[in-house]
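Shared between the two complexes below is chain A, which pairs with chain B and chain C, respectively.
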Partner chain A sequence: MNAAARESATPLRSVGLVGRGVLLETVRRRELYVILVFAALFLAGVLVARAVGIPNPETGTFVLNLGLTLALGAAHVLAILTAARQIPAELENRTIHPVLAKPLSRAEYLLGKWWACTATGASTFFVLAAIAWIAVPKLEDYSPPMLVQTFLAGVLSLALVAALSLLGSILIPHAMNVVLVALVVWFGHTFGGFVVARAAGGVFAGFARWLMAYVPNFNKLNLVARYTDGIGPLPPGEFLVMTLYVTICLAACFAASAFAFDRRRL
Partner chain B sequence: MSSAAPVIEVRDLVVEYGRGRKVHRAVDGIGFEVRPGECVGFIGANGAGKSTTMKTMMGFLFPVSGTARLFGRDARDKESRRRIGYLPEVALYYPFMKARELLELYGGLSGLSKAELRRRIPPLLEKVGLGGKGEVLLKNFSKGMQQRVGIAQAIIAEPELLVFDELSSGLDPVGRHDLRNVLLELKNAGRTIFFSSHELTEVESLCDRVIMIHRGRIVTEATVEELMKPLNAYEIVFHLPDAAELPACVKQCGPKAEGRLHTVTIPDVTAYSRAISELASAGAKIQSTASKTRSLEDYFIDLVRSTEREAVS
Partner chain C sequence: MNGAYWRIPSLAAFLLLPLLAGRVRPNDYEASRRDSQTAIERRNRTAIAAILGGVRTSMADMMFVKTEVYMHNGVAYMPHLNMDALSQRGEVVADDHDGHDDHDEEAYDPEFPPTVIPTAGKDFRGIVGELERRVRPWDDPDRPHIHTSGIELLPWYRMMTISDPTNVRAYQIGAWWLKGPKPEEALGFLKEGIANNPRAFQLPYLAGQIAAKLAKGENGETDSARTAEAWEFFDAATALMMKERPEGYDRDHPENFPGWSEYKEEDARGAVRFAVYFERDHGSRDAAIEKAVRYSEFFGGDGVLDRLARRLENED
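Moving on to the complex of A and B:
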């Protein structure tokens, strides 16, 4: 190839291009529109409530909490579905061969898929949360820095869920992966607590604590209730530790994904 | 053949599918080289091991033993893929993308700048017969159009080596003809081409050399000329008057008759000369004579059948 015609195919550009494909797919598929229809229904409900009149600040807070929680939930659902289907669909349709025949490492391919799935979830969260936040009247004081932390923690959670879904898609069947990741996101903390409590005092107590330490705690990343309850923002140190916790979990997910995917026959 | 370093170097390659008792050896210790500028056809029956070899060369499958190197590097090294254009055996391209977007993706991954992609894509689509289809979603493309887009993605970065698995799969006769022209152009431009195909006439017309694989082993590796050498047989087509009798030397060769028109294949040149003179004496009118050559298809079928017979015995 003519060298002048060739930009250096940097890993970052390749990662960006792979991710762009995922974003195009998301925009042109139906799931996104289903979620937008739900958002429109929620918006209509809030507008009707506003027209009728929201009687007290508690109701307003409840509706805001509901809106933000639904936004975060919908974003997680979309991130799980998008990330979990990427590799199985590419293998089934054999679209993976022409892509990986280009000068692209498998780790770059995974990174490209991951950032785009995270971005899909984060954009959905921002749009839906913005709709809820703008539509609901603020009858109580809410901390703006806490709102920023809520959004950032939501994005961290979505990044982690996308990485987990990608890892699962390499190791286990698609449906099982979706269900398992959803269980970890919404019930992982409760289940972990239950297992540790049941094992307490027994021979497996140590093992249960050790095992559950490896299950990411998505509860800690959901700050919606803290925001709507009017509690102030997390201290910077605590927020930093939370970010570090997610970063370590992400690195572990990536290392495992890259290891497994690199050894997979295509 | 050039003495330059091989572009493709396969050594004692063994690839297996399955585990334990269900293991199936798809490629069984094959080895070959492809030199710069060569056009090599890789042919074999279904399940012979062609696609497995190609997938291993591209780093999609891992060998049990042996090596597959491209440009002197391991097949799994992404640098080795920087100079390759690959067309998979069966590939559907992202149905949610437009043809232009797909080529932007693959060209971008190959390192082409945005400006270069904008310059290259329209004429490339024209070249593969998809002119004006750049803004059409691929889900609306037929199988043949998908194959054309596949060819476009393989050649967009003007790679030095083209690896095509099942070259003309899904293409109609016009598509095959267009593709042959594209390949000839690439071949004349000095690109190295390695492809598998079931269209043996395509292999005959394009390739310098042919590698035949059967049951995971290479059974023949030769130039097309060597494989298609004359059979030393001659075909005579002649009219015989009603009253005339077939000469004995022609009768021996089992002529076929359609009315007064006879066709006979004579096995060697001496018998051929004798047959011509005796036919003339018998009053026959010679319509045509031709030296018979064996087609690649004849060779391939004979080879597969003889290998099957050996396996049975």
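Moving on to the complex of A and C:
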């Protein structure tokens, strides 16, 4: 490698280039357009509802909640699908070999994939949520700082789901990974509640509560209902704790992913 | 990124995650705009709600529907949540049949709901309809319908509370059915509910009733430990209720008080009345009068409590 090449191959630049490849590929995939079609259908539905008339503030809030929830859900679906296929597809197409032959560590490769998957999900969330938010008339009071926190928490949630999907893609088959991560995202908190409730009052109650805390609780990162309920923003301390919670989960996902990926035969 | 030095601390931090997880509770707030009874009814009046229909039905709602079928020995009656009323007037509960089964054969209602499978006179399907009436659970809707004991419903309520430990209504109704045959288990069920929903005053209110019943022994003696427990439950219920009930709640305009419903208001008044009765029976008359007056003032006047206070004052 010459001096210019060595200089240009800083870790940050390498991570950026890997991610850029993911973004370019995502734009070419059909999932994005399927989700955009759904967004267009939702928009058409809201516009029809507006034309017919939204008769009371409660219905306006209901439609707004529906729109933001759908936006967050669709973004999660896209983030899971995008992240889960990255490594299996590169292995199958054998494109991973020339990439890793470059001055790029496996951890950097994972980091590049992760930020791009997060960005894909986040941009989908922003676009769809903006469509919903603009289209639906705001007939009740909502806290603008809470809206900002809702978006930030959504991005944290997408970052975590992308990291979790990447980890799963190294350890288990693709389809199983997608299903498993989706189950954790949408039913993880219910499962945790189920186990804790079953153990309640018994000798293992504390253990069950402790164990289930390791299952990432995406329900805690969904602030849409809090926003549409007209509740104020979380105090900075609480939001910081939430961010720390996600950061620890992310760091653990990366550590486990890097560990598993280093030992994986390509 | 090449070094592995960051991996061990990351995994170590993850091991301590449960210490942090319990502190992340962004959706733990009291007044929920969307769950207000008025908001639900107003939403349900709209065409959008009618179009979305069953999509909005939650798992818990489906289980409530299931419990109704079980309660009628498998005979599918038209839901008592009247669908016409729901779509036309937005009434979520069409009558006072809100899980407390208080109608019987004597109280036969001429507008009694028909069965899902129609009678022979109203069934255009002829022999096919006759076959269905004979093969599937069916009873003539003109006859008073028969209820099971409710015990068979209990697994459903258990399922509801397991799948959603914050389902206060399921704890209430499940314990209500259970308190007849197994009051101890009903009390345990409610204690679990209280642990999962420490702000729901309805649960200690019901637990207090059950504990009070258990305090009365079969031979007329009083169990002092149970009495103390009932006292604690009633105190907790009234304290929680007084904290949660919006100030100046107006029963004529519940739409101005999101997060508080007429059902909660009924339970709230029931909780303080029981607390006063309990004080009268197990405490002092003066304390009961004081509580009756204080609680009545809190509600801006309560006929039952006012009458009780007057009666106690006139007693020798």
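As a working rule, the second predicted complex is superposed on the first by the 251 of 266 C-alpha atoms of A that agree within 3 Å, B and C clash if a C-alpha of one lies under 4 Å from a C-alpha of the other, contacts with A are read in each partner's own complex, and residues count from 1 in each chain.
As a convention for this text, contacts are C-beta pairs under 8 Å (C-beta built on N, C-alpha and C of every residue); 3 or more make two chains touch, one makes a residue touch a chain.
In this text the structure is predicted, and so the values were computed from the model without any measurement.
Student: Chain A superposed: clash or fit between chain B and chain C?
Tutor: On the superposed model, which is not a single observed complex, chain B and chain C fit side by side.
Student: Applying the touch criterion given at the start, work out whether A:Thr118 contacts chain B, chain C, both or neither, answering first, second, both or neither.
Tutor: Touch status of A:Thr118: no partner.
Student: In the three-chain superposition, say which chain, chain B or chain C, touches more residues of chain A.
Tutor: C
Student: In the superposed arrangement, which partner chain does A:Arg94 touch: chain B (first), chain C (second), both, or neither?
Tutor: The answer is first: A:Arg94 touches chain B but not chain C.
Student: After superposition on the shared chain, which partner residues are touched by A:Arg13: those of chain B (first), chain C (second), both, or neither?
Tutor: A:Arg13 contacts chain B only, not chain C.
Student: If you stack the two complexes on chain A, which partner ends up touching A:Gly21: first (chain B), second (chain C), both, or neither?
Tutor: The answer is first: A:Gly21 touches chain B but not chain C.
Student: Tell me the contact category for A:Arg29 with respect to chain B and chain C: first, second, both or neither.
Tutor: In the superposition, A:Arg29 touches chain B alone.
Student: Once the two complexes are overlaid, how big is the angle at chain A between chain B and chain C (Cα centres, nearest 10°)?
Tutor: An angle of 150 degrees, rounded.
Student: Of the partners chain B and chain C, which touch A:Ser105 in the superposed model: first, second, both, neither?
Tutor: Touch status of A:Ser105: both partners.
Student: In the overlaid three-chain picture, which partner chain does A:Asn177 touch, first (chain B) or second (chain C), both, or neither?
Tutor: neither
Student: Can you give the closest approach of chain B to chain C, taken over C-alpha atoms and in whole Å, for the superposition?
Tutor: Least C-alpha distance: 9 Å.
Student: Mind sorting out which residues of chain A both chain B and chain C touch, each in its own complex?
Tutor: Correct list for chain A: 105.
Student: Which residues of chain C touch chain A once you look at their complex with the stated criterion?
Tutor: Touching chain A: residues 1-2, 4, 6-8, 10-11, 13-14, 17-18, 20-27, 29, 31-34, 38-40, 42-43, 45-49, 161-165, 188, 191-192, 195-196 of chain C.
Student: Flag every residue of chain A that touches chain C in the complex, lowest number first.
Tutor: 11, 49, 52, 54-56, 58-59, 61-63, 65, 105, 107-108, 111, 140, 153, 190, 193-194, 196-198, 200-201, 209-210, 213-214, 217, 219-220, 222-223, 225-226, 228-231, 234, 238, 241-242, 244-245, 248-249, 251-252, 254-256, 258-259
Student: Could you list, by residue number, the parts of chain B that touch chain A in their complex?
Tutor: 55, 58-62, 78-79, 81-84, 86-88, 90-94, 96-97, 101, 105-106, 108-113, 116, 150, 153-154, 157-159
Student: Of all residues in chain A, which touch chain B in the complex?
Tutor: Going through chain A, the ones touching chain B are 1-2, 5-9, 13-14, 17-18, 20-21, 24-25, 28-29, 93-95, 97-105, 263, 265-266.
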